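The same chain A turns up in both complexes below, where it pairs with chain B and then with chain C.
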Partner chain A sequence: MDILARIPQLLVYGIISGSILSLGGIGVSLTYSILGFANFAHGDIMALGAYITLGLFTLLGGWGLPNTPFAPLSFGLSFILAAILSMGLTGGCMILLDRVLFKHLRRAGSIILMMASIGIALGLRNILQFFWGPQPHYYIEGIQIATRIPALGIRIKPDQVFIICTAILLVVLLHVFLQHTKIGKAMRATADNMDLSRVTGINTDRVILWTGVIGAALATAAGVLAGIENKFITPELGWQMLLSIFASVVLGGLGNIYGAIVGGMVIGISEEISTAFVSTGYKPAIAFIIMVVMLLIKPAGLLGKGK
Partner chain B sequence: MEQLSGIINYIVYFAITAGTYGILSLGLNIQWGNTGLFNIGIAGFYALGAYTSALVSGPPPSAWDGRIFGGFELPFIFGLLAAAIVSGFVAFLIGVPTLRLKADYLGIATIGIAESIRLVLKNESWLTNGVWGLQQLPSPLYTSIHGGTKELLQQHTALPGWLHDLVANSYNWFYLLLVLGILFILYLIVEKLTRSPWGRVLKAIREDEDSAAMSGKNTFSFKLQAFVLGAMIMGIGGSLYAHYARFISPASFKPLYGTFIVWVMLILGGSGNNKGAILGSFVVWGIWAGTDFLTGYLPFSATQAASIRVIIIGILLEVVLLWRPQGLLRRERRSKTFL
Partner chain C sequence: MPLLGVEQVTSGYGEMEVLHGVSIEVNSGEIVSIIGPNGAGKSTLMKTIFGLLCPDAGTISFRGNDITGLNPDRVVRQGMAYVPQVENVFPSLTAHENLEMGAFIRQDDFRERIGEIYELFPLLKKRKKQRVGKMSGGERQMVAMGRALMLDPQLLLLDEPSAALAPNLAEMIFDRIITINKTGVAILIVEQNAKQSLRLADQGYVLAGGRRRFADTGKNLLANEEVGRLYLGG
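This part shows the complex of A and B:
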C-alpha cells in the first residue's frame, strides 16, 4: 500500500526526467537517421550546452542584465536569454566538429564515426573539467517549495512545471519545423534515403548542417533543464544520462524522432517507478534492461518499421 | 647509477601495465580487428575477470568487510581460469540477443552491460564490498619470492646501492615475466586461430557478412564464438590486473581506463594485426605515462593535468582515424605466412 501511494509522485518525476531524455534523444535519433551513426558525444554536447549557458549567464550578469526571478520560477530573464544563446552557440560548436572531423570520416563508415564520437565525448568532458573543474556548479541557489496538489496526491515545483512545458513547446516547434518548412521536409527526405534526396536536388550538406544544429540546440535545452531540475551541473551530466538516452532512442526505434519522444517518456517513467521496488543505484540498469528486452522482442523499436 | 636503477624499476612497472593492456587489446582484436564486432564494453569483461579472480583466489571477508561471500583462497591459476570462464559466459549471454543486430546496437548494448556490471559491483556489497572494493588480494608466489629476496639481500650486504634496488624489485620482475609469458602464449593462440580456417571465416564476416552467410557459414555462431573468446581473454587481463594491484574497486573499471584507452591502443597499433595490437598498447601506454611526466611541468592543478592527458589521447585517436586509419602495422593480406 505504501508503495502504491508513492506511484503518482514517481510518475511526476518520471515525466520530468522523460521530458529531458526525450529532448536528448531527438538529437541522437536525428543524427542516426541522417548521418547513420550513434553519436556517443551527444551526452557531452548536453553538458557543453549547460556549461556555455552558465558562462553566458555569468557574462550577462556582469553586464548588469537583471536576473530577478520570474515568480514563481527561481530564475529570470538573463538565465533564459543565456540558455537560448547557448543553444545557438552549441549548435555552432557542432557544425565546427562536423567540419573538422565527422565530415572527413563519413566515407569510412558508421562504426568509425561512432569511434570518433567516443573520442569527442571524452575530449569535451575533459575540456569542461579543465576549465570548470569536476565539482558541481550551481545554477540555482536556495530551495523552492513544492506545491501540493492533494487531489492527485502529488507535489510539484514551479520549476518542474517549466521543464515539462519547455519540453512540450520545443517538441511542438520541432514538429512544425519538420512538417511545414522546406528544410524540415528535406531533412525527412534525407533521413529516408540520402542518395535519392541528392538526386532530387536536395542540398544534403545543408541538411546535415541543420541536423547538427537542431540536435545540439535540443541537447543544450536538455542539459539546461537537467541543471534546473538538479540545481547544479557537472561535466559528467550528459554522460550519466547517455545510457538512458540511448535506451529511449532504441526503444522508440533508432532513427525515429517521434519514437525518441515516446521512448524517452517510457524510460523516464520506468526508471522513476522502479525506485519504489529496487535500489536507486540501479536506475540506469533499468533503462538498459528495458532496451535489451525491446531488442529481443522487436529490434526496430516501438514506432520503428520492421525491415 | 642510483637514478638508473630507479628508471629501470619504473620501466618494469610500466611494462607490467602495458602488457596487461596488451592482453585486453589482443582480446579486442579478435572481436573488432578480425570479426568487426563493435564492443565498447571492454571494461565490463575486464572487471568481471578481476572480481572473479579476486573472489576465487582472494582472502575471505574480514571483520570490517561488507561482504559475506567469496574468498576461497584457491591458487592463482584457478582464479585466472575462473576469470576467463565467467567473462566468457557473460559475453555469451549478452551476445545471443545482440549479435544478430547491426553494429550500432551491439555498441550500445555492450556499453550498457559494462555500466550495469559496474552498478552491480557498486551496489551488491554482500559479494563485492561495494565502493570499498576488494583489498589485500594475494599476488602469486609473493611470499616465497619476496621473502627469498629479503634473505638474499641480508646475506649480501656489500652490494652496491643500484644493484640492491634492482634485486629488491624481484617480485615485479617476476610479475613482468608472468604477464609477458601469458601475453606471449595468448598471442600464439590468437595468431594460430586467426590464421586457421576458423579465422578466415571471421575475416569474411568482417568484410561482408552477407556473402559469408551465402557461402553457407553460420555467421551468428562464428560471431558469438569470436565475441566469447575475446571476452575470455579480457577476463584474463582483469585477473592479472587484480593480482598485481592487490586492490580493486568499481572505480578501477570506468570507461576511460577500461575501454576507451584499449580502443585507442588497437586502432593506433593496427586493428586486425595481432602484433599491432600489442605494439599499440605499449605505445599508447607510453604516451599516457609520458604525458603524466610532462604535465607535471605545467602550471595546472592535478585534475586539470589529468584532463589534458585525456584530451591528448582523444586527439590522438581522431588523428589516427583521420590520417592513418590502418594504424602503425597494417593488417596482413595473406593469412598463411609460408605461402
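This part shows the complex of A and C:
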C-alpha cells in the first residue's frame, strides 16, 4: 500500500498510544515537579494497577456482578467498576510506599530517591510475577471488529474510542482539580517552591501524598487502557513503556503536567508514523531520537520555562 | 512582655555558625529595623526566628509561647508571617491564587481580606489574573507582602523588601509598610536601605559579624555618629 495512504490510520494508532503515554507521563511529571526525582517505579505502578484491576474483576465476577458488555464495547460494568476501585487501591499502595520508604529517604536527596525507585520497580514487578506468573493474562476474550470510516480513510474499534475518550476525560478532570481546588492549587504552589509553601502554612506532606495518589491513579488508568488495547497484560507492561514515557515527559518539559500530555501525544504519534518508514522494532529508538534532539535544541522542553 | 523575644540565639548553616548569641525584642504594634553590612547574619536571624533554621542555642518566644525550633508551618499558625528576600512568590500561579495560598490555613471566608489587600495594592487588583512569574520586581514584592498579610498576622517579618527596586518603588513599599503597621501589625524589617528603614522604625538594631553591636530607638541610631560612620555611609 502507498505510504501516504497509511498515514491517517497510523495517526489513529498514535493517538491511542499517545493517550496511554500521556496518562503515564502525568504521574512521572507530578513526582518530578514536587519531589525532584525521576520515578522509575512508575511503569510498574501502572502494571500493579492493571493487575489489581484484574484481581478485582475476578472477585466481582465471583460475587455474581454482571459483565455483560456495554455494546459496542467489549467489556461491561464489573470491569469498569474494578478499574475505578483499582485506581483508588493503587493510590493507597502509593501512600503505603511513601510512608514506609520514600518519606524516610527525602532528606537523602533526589539521586537516592531515584535509586530507591528502581528498587521498588524491580520489587513490584517480581511480586506481580510471583502471584500471577510471567504469562499474559487476558482482559478481553474474543475479537472486536473495527468500524471503517471511509471518509477519513481509517478503521477504529469501539474500545479504542473508549481509550481516547477516557484519557480526555481524566485529563479534563485533572485540569479542573489543579486549577480550581484548594489542594490542586497547593500542589502547583508546592511544585513552584516547597520552602515558600511551608512558610505559607501549606501542609507539604499532605500535598506530597496527594501527588502520589493522583499519579498512581492515573498510572492505573494508563495500565488498564494499555490492557484493553493489547487485550492482555503482563508484569512487564509498564516497564516496557517507561522509556517512551520518560521521553514524553522530557519532551514536554520536565515537571510540567501539561507538557507531559503534549509530549505523550507527540511521542505516541511519532512512534506509530515511523512504522510507515522503518521496522516497528525501532519504535523506542524513535522516542529517544526525538528526546535527544529536543534536549539539544531546547533542554527545557516544549512547554518548559526556558531556564 | 514583648511580642517577640529572641534571647542569646546562636544559629547558622550546618557547621558554619553565623549568629553568635543575638538578642532582640519586638513589642506589639512596633516597627523594628535590623541593619548591618552584608554577611552580618540578618537573613539568618529571620530564618531562625521563622523556623527555617534551628538554633544551636538560645530561645525564641512569640506571644509568650516558646517557639524555638518549631517548623515554619507551625510558626505561621501562631500569627507570624514571613516574606523572604528572594523567591517569595509562586511564579506559575496568578496574583489572586498567590493570595489564596496565603490564606491556606484559614477555614473562614477570607474574601473580605483579599479585598483589603487589593485596597492596599490597587495595582494587584488589575493584574489579579496574571501569572506572577511575568510580573515586575515591584509587583512581585506586592504579591509577596499581600500573601503574607492574608493571615492577619500580629507580626510580619520582611527580609529586604526594597532590594533591587527602583527608588520610587522602594519609596512606595516603605509607604505601604507604614500603612500596614497602622492597622496594628508589628513589623520586623531587615534592610540594606538602612537610613530609610531606621527613619520609620520605633526600635533599631545594628548587627555585624553575627553579633548585636547597637540597640536603640530608630531616631537615636540615625543620630549616633559611630553608627553613621560605620554603617550608614557617613
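Methods note: the second predicted complex is superposed on the first by the 306 of 307 C-alpha atoms of A that agree within 3 Å, B and C clash if a C-alpha of one lies under 4 Å from a C-alpha of the other, contacts with A are read in each partner's own complex, and residues count from 1 in each chain.
The rule is simple: a residue touches a chain if its C-beta (ideal position, glycine included) is under 8 Å from a C-beta of that chain, and two chains touch if they have at least 3 such contacts.
Because the structure is a prediction, the values reported are computed rather than measured.
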Item to complete: Considering only the touch criterion stated at the top, classify A:I120 as touching first (chain B), second (chain C), both, or neither.
Response: first
Worksheet item: Which partner does A:Y51 contact after superposing on A: first (chain B), second (chain C), both, neither?
Response: neither
Worksheet item: So, A:R188: does it touch chain B (first), chain C (second), both, or neither?
Response: second
Practice prompt. Give one of first, second, both or neither to describe whether A:F162 is in contact with chain B, with chain C, with both, or with none.
Written response: neither
Item to complete: Give one of first, second, both or neither to describe whether A:Y13 is in contact with chain B, with chain C, with both, or with none.
Response: neither
Worksheet item: In the superposed arrangement, which partner chain does A:V292 touch: chain B (first), chain C (second), both, or neither?
Response: first
Item to complete: Considering only touches as defined above, state whether A:L196 meets chain B (first), chain C (second), both or neither.
Response: second
Worksheet item: Looking at the overlay, what does A:T204 touch: chain B (first), chain C (second), both, or neither?
Response: second
Worksheet item: Quick one: chain B or chain C, who's touching more of chain A?
Response: B
Practice prompt. Kindly classify A:L105 by the partners it touches after superposition: chain B alone (first), chain C alone (second), both, or neither?
Written response: first
Worksheet, complete the sentence: chain A contacts chain B in the complex at 32, 37-38, 40, 101, 104-105, 108, 110-112, 114-116, 118-120, 122-123, 125-127, 129-130, 133-134, 243, 246-247, 250, 254, 279, 281-282, 284-285, 288, 291-292, 295-296, 299
Discussion item. Quick check on the complex: what are the chain C residues that touch chain A?
Written reply: 50, 52, 71-73, 76-77, 82, 84, 87-93, 97, 100-102, 104-105, 133, 147, 151
Item to complete: Would you tell me which residues of chain A are touching chain C in their complex?
Response: 182, 185-186, 188-189, 191-193, 195-204, 305
Worksheet item: Contact residues on chain B for chain A in the complex?
Response: 36, 38, 40, 97-98, 101, 103-105, 107-109, 111-113, 115-116, 119-120, 122-123, 256, 260, 263-264, 267, 303-304, 306-308, 310-311, 313-315, 317-318, 321-322, 325
